[in-house]
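Got a structure here, written out as structure tokens. Questions coming.
In this document, chain identifiers A, B, C and D correspond to the written order of the chains, with residue numbering beginning at 1 in each.
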């Protein structure tokens, strides 16, 4: 597959929900892992595929086997947040994503992290990426744009 | 089935998690629906069965089709909470539960509510309660105790 | 204040997150209360104000004192969801909202509900709506649009 | 302060909630960070203090500045879970905890991780641990037991 350096950042936005805050007045730290996933799903869409379809049609799942988050500055209720996601390593049976979380208003970095995933079937057995998806991951975002492969939101 | 009046309250306890609070310094209101479910599961155990097994072995699920909550007083971080759950209506293809949420320390009522469920298979088609489970619901808690049917926690 | 009938629906969209699903393969029911809140916040924005500012600057909070949800059809992972929110009753010290949740793709109604709120200060004492906000609620969405009062997202 | 090796594991138990599962039929990965926190709070109780009181009475908060989780095997609905928590590093203005998550039934390790925290006041300025709490952390669990300092649950 391509070297990770070839892979561009995908970007999506979300607004902090009241339910995501805690009594310290900031976003509770586990929610960043959920935002990472929002980023991952949008990266897939940018690459020309739908993660849901890969689960459904190919029985290929990407459970998280390792996660790491560094929290720099707290997000607060109603903040608009930018989630940037990038493939940093793609193997036949595994993939690693990197994330950066920014405040939309002033671009301050709030958090960064990585998640490492293996490809598994529903029964929890490791398998390879389905060929079609391996191709799309290799080609990345640029290629999906060229082919008009990006799904409309 | 039995008249609901015959059905006793089941009781379980939990401690408020930091993640369940919001920036107003109290428990975010959607969490009470999750606590109701904790109560429901423990009621099933008191009745001699495991809700998980009913889903797995009988393909009988109890999706919530209606929920109602009245919030009297806020729960706070690290409070010990008592969840009381009772069957208020049991039909062949539906069941209604009532809940009361108390503060363990002084018995103050924090919230009360009801959820209404229909029995469905995995595909979302309504069905009857599996016979064995219909029996256990009819007999309630007292019977499970007599039969030694209550699972140890 | 105005009769509720004068009040238009506000509309916002969101995409179902993986974290919002449960093992039945559908969105866990408590998440609809969180989506209702997303709708409420966007209604406020449509009315020309920011709920966050009302809490911060005026010490006026709107805790939920009662909630009701009817679930018609399950939302699923990656579905695009439309949340419609409307003021159905506005009093000096209380407000009631109604909600409808639709599937964006085919317009199927997934759920509907209501939440009833009282106006409180941080200490949990009931108070009136701050005058400025009472005005904006009375005037509704149309007025905010005329005045250019709607904040950009 | 004491060398981390002196610090014993604290242990607490919880049962997996339906709301914590996702459509893959297992616990959604962000919930482990919430369970880590449940473990942290019970460790504090084992050490003779209440984290809530430290926040309230001393304005000393412990925001997570870094978190790391390794997922070995999935937890499932209704599983009884053991959370083991240990102090691995205690500084004047920072503390690091390690966690292990086990299945109660057969002792299989499901996940392990670490969180790193700095001591901050409500305004987000770093500060030292309050003296009383620094002492209790130094003395650990054994000492709290001797002094009868452990609060009843």
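Note that in this section a contact is a pair of C-beta atoms (placed from the backbone, for glycine too) under 8 Å apart; a residue touches a chain by one contact, two chains touch by 3 or more.
Owing to the predicted nature of the structure, the values given are computational and were not obtained by experimental measurement.
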Inset, instruction - Using mean Cα positions as chain centres, tell me which chain lies farthest from chain C. - result: D
Inset, instruction - State the pair with the higher C-beta contact count; candidates are A-D and A-B. - result: A-D
Legend entry - Distance between chain centroids, defined by C-alpha means - chain A, chain D (Å): 28
Inset, instruction - Compute the distance, rounded to whole Å, between the mean C-alpha positions of chain A and chain B. - result: 36
Legend entry - Where chain A touches two or more other chains at once, by residue number: 18-19, 24-26, 30, 34, 77
Inset, instruction - Using the contact definition from the top, classify how the chains connect: line, ring, star, complete or other. - result: complete
Legend entry - Residues on chain D engaged by chain A in the complex (per definition of touch): 24-26, 29-31, 33-34, 55, 61, 63-71, 74, 122, 124
Inset, instruction - Would you mind writing out the residues of chain D in touch with chain B in their complex? - result: 15, 17-19, 34, 37-38, 41, 50-52, 77-78, 80, 153
Inset, instruction - Could you please specify the touching residues of chain B with respect to chain A in the complex? - result: 18-19, 21-26, 28, 30, 77
